[in-house]
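Naming follows writing order (A, B and C), and every chain is counted from residue 1.
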Amino acid sequence: MSARETILKRLRERADGALSAPESDFSVMTGRGWTPAERLARFESMITAVHGEVHHAARGEWTQALAAVLRDKGVTRLGVGREHPVAVEARAALADGGVMLVDADRDIAAWSREQFETLEAGLTSTRGAIAETGSLWLWPTPDEPRRLSLVPPLHIAVLDAETIEDTFFDVVEAHGWAQGMPTNALLISGPSKTADIEQTLAYGVHGPRELVVIVRHADAPGQADA
Amino acid sequence: MTPLKQYPPRPDKVYFYGTCLIDLFYPGAGLDGIRLLEREGIEVVFPDDQTCCGQPAYTSGYHDEARAVAAAQLDLFPEPWPVIVPSGSCGGMMRTHYPQLFAGTGREAQARELAGRIFELTEFLVHVCHVTLTDRGEPQRVAMHTSCSARREMGVADTGPALLGQLEHVELVEQARAAECCGFGGTFAVRHPEVSGAMVDDKARAIEEAGAEHFVTSDCGCLMNIDGHLEQQQRPVRGEHIASYLWRRTS
Amino acid sequence: MSVQTYTPQAFHRQAHDALGNPQIRSNFRRAMDGLMDKRRSVFSEWDVETLRELGANIRLRALSRLPDLLEQLEANCQANGIRVHWAGDGDEACRIVREICQAREAKAVIKGKSMVSEEMHLNAHLEAAGIEALESDLGEYLVQLNEQTPSHIIMPAIHLNTDEISDILHDKTGTERTRDVDAMTAAARAQLRERFMAADVGISGVNFAVAETGTLCLVENEGNGRMTTTVPPVHIAVTGIEKVVEQLRDVPPLYALLTRSATGQPVTTYFNMISGPRRADEHDGPEEVHLVLVDNGRSAIYQDDELLDTLRCIRCGACMNHCPVYTRVGGHTYGTTYPGPIGKILMPHLMGLEATRDLPSASSLCGACGEVCPVKIPIPDLLVRLRKESVGEGRGNVPGAGVKRNRKEVFAWKSWQWLATHPGAWRAGTGMAGKLRGLAPSTLRPWTDYRTAPKPASTTLHALVKRHRQDHDTTGESES
């Protein structure tokens, strides 16, 4: 008998008999009832507590915030997709600037080492965010591959304020994740960190050292950058 | 953790289960517990045939022996009166483990019924007697060590401190890591003496460092352990069972 | 630093050494105090008991349907392009992993954190086959450089302090000595980035495997887990068969419990959900993803209604963080892959009660572990059950059952039983003890190594009560 058959047989022919499955009450995971303002405030306080950097911008002016971030951080090589509106708008806005735009939608075999060694920042969109834990929700795509938010030392994520939801559970339920998962789904809550050296927190161990979130506001005029 | 217990109204009569450690080593604590109850106008019945709850054998894995001893205790409390135990550890054994020990036997129902009317002494004084204490003692700084069984198995971490809090001249000091085990654990203390020794040393130190002049506990196992260590180390701080302390200061 | 191997058989000696090592004592005490404080504060805004109830419930539901869920997981993983392998024990799992590596002619493997791979001794197996396996979790990396094993399941290098780590990085990698944690982290980052690029295969563990969607969930802060599962062309995930959960909606509660219980974090930096290798139109990610489902004793634990609870574990480590024994002796003392309370209830199944004979007894049954367990495993009850198995009064469902039964001890308990079931004899005996208290020994080793000997009181409670009743009857009033 194969290991598979042996294992399944042992589990099925359980000595103490079949087990009954309890029902689960998930209400503790949902129903926070936060207003949009509370949601945003919670998201911001949670992600900044773990060294995420949050900037606010009006929807139509977000690329100026992006340019300012790139300028402040001294970024000269930015990895960016081509199809997502975030990438399209960023490319348009940065076309004449001093930042070299590196195409992220290429087979990684062609530029793996280049990505590791020369890419200073990666720009991605987000699908939404979770207020409770200050987490970004990303589903990498061919346009914005997995490594764009992982390998460069700076990850810049663009988030629309109205896509922030209360809890992870709410996101999974409301968006029917179970009906179709992408090959890779990610929650990102701050830059990479470790406490493996005597419980001392250090950022940027394997992933990005910095995470910048540009929150776009549809209705409000751009508040002053945080 | 034990679900929130529904407390009965104050009864006229209770049983008192003294525990073997008290019987043999700290009988005064048992008598003081009885006196505290009697002062509340409750008649205390002490079944003469009580011996040991069976816990030492139970935690050592000797369940057949533990069950035989526990079975002998089951019959001692025929009336539906509450059973008061001046120990979280023995109380926890009777409340939590008797039903497990007799599960699937002919005495399961009896064990469950008894478990439902087991109360730790300080728990009973606070939640059923709603006792009011008048302190007649000198000012003193006291630390309380609540046993792990009282805290976690019986869920009565607050009742000892609540009683001490009623004593006007007693300052209750909180030692560091108050919820941490003192290292007694029955046979653990002899099977793993070095680890247990390190634990009791830390506990005794924490009590001293909290500035306590005296300590009390609701379990004689912990008392024997912590007090025995302090005595061996020839430290000035010493301890006693909370029943004795309460009785002494309020009588 | 000398290389030392630890075994559960040498628990007492190892505990003795650890207790006498002030560095170990202070490293663990400080770390555990911090972790307990963080857990307490992060749960403060939650109805933690309701959440724990849900966690326990989800794990029980998964276990109750385990064989069906494993088949569903397999089918959905396969539909997603993940190749699924089954291993009866650690050796078989090692062989499966090695063959996948060899099929790709892999020479260098990079590893994310995986306790199951530690349990299998995978690194040694791969190295014997000429395949280098390098740990990439910073703590695991340091422990591997130091030729040690993890001392904690979440924080593998928690036994080391900054100076020791500085020495290790200096001695093994030539990093300049420093006490600057950022500098050490940066050095390790640079060293490991090269290795991520060069790795042929990435091997990770799994925190939750979702049957409903064929998804493997990984929880981490560093990004090494994402690197391991994203950069090399092949990703092999290794997991115990018990890690499966039924639905995707079961994941958020378990994740919420895991991070808060483990390190007191409301969330980790990364929650990485893998549902397949890269698709044809994708530009990165592994070309192959494998899932190795490892039994290694779990299906045996599964047979018994009580022992089954052991399999609820989500490997948060909260039980060790809160354990007064673990805090004092540290993780290596246990000599087992999983230390602390969860190790004490799991390892006897994996290694037998003979090798682990001192583990179930190494607990005061204080209950701190059970109190914080996010899935409400009754750890103290399971310790008692294993003690019962050890002395041959259990159901014989654990390997090595009865190994500690000996005539002397049985006689002692039987005598105690006789006395405690003969109240007349009990009263006579205890009364006699009081009368002879002057003869009580002042040395009762090992008790008196740390305490004075207990002395029987001159009168028993039985006698005191009798006298009290007589006084009461004579005076006819209460004594207050």
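Everything that follows uses one rule, which is that a residue touches a chain if its C-beta (ideal position, glycine included) is under 8 Å from a C-beta of that chain, and two chains touch if they have at least 3 such contacts.
A quick note: this is a predicted structure, and the numbers were derived from the prediction, not measured.
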| item | value |
| --- | --- |
| Common touching chains of chain C and chain A | none |
| Farthest-lying chain, centroid of Cα atoms versus that of chain A | B |
| Centre-most chain [mean C-alpha coordinates] | C |
| Separation of mean Cα positions, chain C and chain B [Å, integer] | 31 |
| Gap in Å, rounded to a whole number, between the CA centres of chain B and chain A | 53 |
| Contacts with two or more other chains, residues of chain C listed in rising order | none |
| Residue numbers on chain B that touch chain C, as the complex places them | 1, 18, 20, 22-28, 30-31, 34-35, 38-39, 46, 48-52, 54, 56-65, 68-69, 71-72, 100, 148-149, 151-153, 177, 179-181, 183-201, 224-225, 228-229, 231-232, 251 |
| Contact set on chain A toward chain C in their complex | 2-4, 6-8, 10-12, 14-16, 18-26, 28-29, 46, 50, 104-108, 112-113, 116, 132-135, 140-142, 145-147, 150, 167-169, 172-173, 177-178, 181-200, 202-208 |
| Contact set on chain C toward chain A in their complex | 27, 30-31, 34, 46-47, 50-51, 54, 57-58, 60-61, 63-67, 70-71, 80, 86-88, 92, 136-139, 142, 155-158, 160-162, 165, 181-182, 184-186, 188-189, 192-193, 196-197, 212-215, 221-224, 226-227, 230-231, 241, 247-253, 255-256, 263, 266-279, 281-285, 293, 295, 299-300, 302-305, 308, 397 |
| Chain C - residues contacting chain B, complex | 12, 15-16, 19, 33, 49, 324-325, 328-329, 358, 361-368, 370-371, 381, 384, 386-391, 393-394, 410, 413-414, 416-417, 419-421, 423, 426-427, 430, 433-434, 446-457, 459-465, 468, 478-480 |
